[in-house]
Amino acid sequence: MKKFVNDPRSFVPEMLTGIALANPDTLKYVPEYNLIYRADAPRDDKVSVIQGSGSGHEPAHVMVVGKGMLDAACPGDVFAAPPMEYVLETAKLLRSEKGVLLLVNNYTGDRMAFEMAQELAEAEGMLVKTLFINDDVAVQDSTWTVGRRGVAGNFFVMKAVGAASEAGADLDDVIRVGEKVNSVTRTMGIALTACTPPAKGSPLFELGDDEMEIGVGIHGEPGRRRAKLASADEIVDELLGAVVPDLPYASGDEVALMINGLGGTPISELYILYGIAHRKLEEKGIRVWRSYVGEYCTSLDMAGASLTLVKVDDEIKGLLEAPAEIAIRVF
Amino acid sequence: MSQERVEYVMRTITDQCLENEKYFGDLDAVVGDGDFGYSLARGFEIVRDQWDTFDRSDAGTFLQKVAVTMSGRIGGTSGPIWGTAVLRAAGVVKGKTEVTGDDVVAMLRAAIVGIQARGGAELGDKTLLDALAPMADTIEEQLAAGASSDEIAKAAATSARAAAEATKDLQARRGRASYTGERSIGSVDPGAVAVAVLAEKIAEGW
Amino acid sequence: MKKFVNDPRSFVPEMLTGIALANPDTLKYVPEYNLIYRADAPRDDKVSVIQGSGSGHEPAHVMVVGKGMLDAACPGDVFAAPPMEYVLETAKLLRSEKGVLLLVNNYTGDRMAFEMAQELAEAEGMLVKTLFINDDVAVQDSTWTVGRRGVAGNFFVMKAVGAASEAGADLDDVIRVGEKVNSVTRTMGIALTACTPPAKGSPLFELGDDEMEIGVGIHGEPGRRRAKLASADEIVDELLGAVVPDLPYASGDEVALMINGLGGTPISELYILYGIAHRKLEEKGIRVWRSYVGEYCTSLDMAGASLTLVKVDDEIKGLLEAPAEIAIRVF
Amino acid sequence: MSQERVEYVMRTITDQCLENEKYFGDLDAVVGDGDFGYSLARGFEIVRDQWDTFDRSDAGTFLQKVAVTMSGRIGGTSGPIWGTAVLRAAGVVKGKTEVTGDDVVAMLRAAIVGIQARGGAELGDKTLLDALAPMADTIEEQLAAGASSDEIAKAAATSARAAAEATKDLQARRGRASYTGERSIGSVDPGAVAVAVLAEKIAEGW
């Protein structure tokens, strides 16, 4: 296993320790619950926004705690939803008069942990609501399964909800905004390699040198189907072909376009995909309003990428453009 | 059966979940995300560490303490599922220090109902329910037929194993594996196999 | 080769096209010279800062063109210094009354291209100076070789020089600042895997599952020596052991600490390294003033990391803290 | 020799650098960064494309045009090095349409001096100079001994090849390979091998 790691069991706590040490003025860390939260939270004039999810998706979600984004994140182990207790304790610590919003990527484990925590927090008299994110178009048949999962598009929901709550919106309005963004956001992912969870020590699946997995999520599981490795042009066609007709995004629409790296793919390649996707969208009459290229929601060291579109209107534009300061920065 | 037997069962589950961390994880890596073994092990590790400290006033209290301890640490889908299962089973024997065969069936049924309520899965969705439910049926049948506890333990193990193997033909509709659609057909469900392994080990040491 | 690419020969131009499309308001692109420059440059009241270098190090250097950083970048092909003509034409296009500063990572090919371009630009009456960056402590024996190479520490020189030039400093002062930062910056890198240049299509070298390369640069070449893969703790000891005594950094010093990913290593692992390094430095009495964790200067998809220390004083702190807006952003 | 011979030599260099793109790159991957073949090929590709358009009024002008064309596109260390070499060689035969054996030696010497001025390398630093210089010596000796141009071409090739192979024992002090320190010992220098390959092909078609 080619990783910088001491004991795989301390992978998450050691990462969180690093984040805390790197941001002594702005973040606090509670090791018992894998909890990273804003030093200035909770505030009674602001809805507290919390995101849980498993680890292995960094920078999501622990590294996007900060002004204008999350108030707290309490990740579980790699690819495992946090134990309910983490969520409950986090919600209690972030208790605010204006309420607490739990953002949840739509997976069985996460849903259960957050719903249980919400119930118990409500029992203690807290105002707590849950919002599910499910932007992944790779999941079909969602009527008889657990439904679509939340993947890299969750960034836009977090950003919008973070901006609204920062501006003082009340809980219902923060939820309205989050649901609105979620409803116009669609994502499709593709993997070129499998990823290696530190505790497993070997890749989750085998992929031939000339193969790729289409329709992958963010937990390293195989996708919907396997195909022969294709050119960047063909891959963008595949991704747009899945995403564009799904909402659908139509000529005249304005969109935010995200090319998200899954962890092992360098940013040079992401910009290649971006350029191709940008041109193909403009050819369809869909105007790219703003670009998002880089790593937003990863699967450890998986080589691959996902493409997300958000149909924007003036309200969404304003929320996405609002300033934010997060734990990781380039400067 | 005595409360010691309940403790023996719980202890076997604990030890086996630790023993099989890698095996359960590898099963989950086939069409899932590989964390199943790890998640269980992190929870049962604490159960093992705190084993001597649990309140043993009755079987129900004992199991409840175990359930709370493990849920605090197991994440993923398995945390709420296994925590709920043990908690519901505990409820059935609250205040009892002696547990009958009928109690065992009732505990399993309560666990199944709890798991379904928690995760929304039905039989045939390719989850651990597909091993748990047939096993409960077998125990019930054996009890009705007047079998010895020894025979019942063996029959339960056989039944769970057969049911677990049969999950191979199912398509996953719950959990991570469901996202792979038809590709989930052809491999066993890790949760169901875990139930079979635990049942076998319990029977072995009965 | 597990890459998003069409024709490997168009790898760099397609990436540059993507960058240009993603930043229509702020950047301009001249395909003939692989040139990306600020839409508002050149300005006669500001020294123009140009960085060349090969490609494959993204975000360095094409993705850090912007206010407060570079005015232009004209990269060569992957791992190849740009042809002299690119540099010359870029210098001419960015000509400013206050002068042009060429930032060069100290490699044979880059030195030659930039020195030739400087000569020719001067012959055309331009005010042009060159500043070499050489922060890599892995290179010893520098008396009889080409000397130390420039690696991820180049970020700090670019940032400081960018801030000074933005503030209106004249060419000599911009150079003074750049040389000052370069003189207190040291870096050491380690690779866990080899990288795959798109034109080659296979890894540059073979590395066993239990091996790592110590003292690597940023061009995918092997390092100073090969060693058994070690724990994160041991690796940080190795890196600090090379960097700290070199300047040396001593108890009482304040430093910027960078953990730079080489392309294939996820940011989770970088924060693990960061946390360990931060603590070990504090144990030595060296105070970490500011953290830099992420990808700054990469080797394509190489798994690995480098550690950089900069000894800071008030002037350097001010320059590093000055605002900047670059082509890539998280928001 | 006639100007056509000069063109033949340049054409062979062009074709061979294109032909050997992968081979030269693989050599550079051993302790370098693998771009040597790619860099040369991108430059000589343009030389090939524009082959018919070069001003051929004399050998010097012709080579100068080639040098400028390739330098505009070759990056890396090889751009300035090879561009300078051809430019300096061109200077020696400026205005000439007939090139003597002594001119050839002078062209090689000028190229070597130019490369040294540009890159600061000395003999023994494990660069293409370590093939170029012995080859120039051999040509000079053969000329003095009155050998035919055929014999000279063959001897030059043999000498370049032997010298290129001998770079295996040297430690690189220039270029990317130098950063690996002693680990560069044991493999040949890509630049020197390229000189040997070109010399052999030139001799072959002489």
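For clarity, chains are labelled A, B, C and D in written order, and residue numbers in each chain start from 1.
Heads up, the rule we're going with is that a residue touches a chain if its C-beta (ideal position, glycine included) is under 8 Å from a C-beta of that chain, and two chains touch if they have at least 3 such contacts.
Keep in mind that what you see is a predicted model, and the values were worked out from it rather than measured.
Chemist: Chains shared as neighbours by subunit B and subunit D?
Modeler: Per touch definition, common to subunit B and subunit D: zero chains.
Chemist: Common contacts of subunit A and subunit C?
Modeler: The shared contacts of subunit A and subunit C amount to nothing, since no chain touches both.
Chemist: Measuring from the mean C-alpha position of subunit A to the mean C-alpha position of subunit B, what distance in angstrom results?
Modeler: Distance between chain centres, rounded to whole Å: 32 Å.
Chemist: From the mean C-alpha coordinate of subunit B to that of subunit C, what's the distance rounded to whole Å?
Modeler: For subunit B versus subunit C, the centre distance works out to 54 Å.
Chemist: Quick check: what residues of subunit A touch more than one other chain, meaning two or more?
Modeler: Not one residue in subunit A touches at least two other chains.
Chemist: Using the touch definition from the top, list the residues of subunit C that touch subunit A in their complex.
Modeler: 1-6, 11, 14-23, 55-56, 58-59, 63, 159, 192-193, 209, 229, 231-233, 235, 263-276, 278-279, 288, 291, 293-295, 298, 300-301, 303, 305, 320, 323-324, 326, 328-331
Chemist: Enumerate the contact residues on subunit C facing subunit D in the complex.
Modeler: It is residues 9, 54, 76-86, 107-109, 112-113, 116, 138-141, 144-146, 149, 197, 199-200, 204-205, 215, 217, 219-225 of subunit C that touch subunit D.
Chemist: Quick check: in the complex, which residue numbers of subunit B touch subunit A?
Modeler: 25-26, 29-35, 38-39, 42, 71-81, 83, 118-120, 173-181, 183
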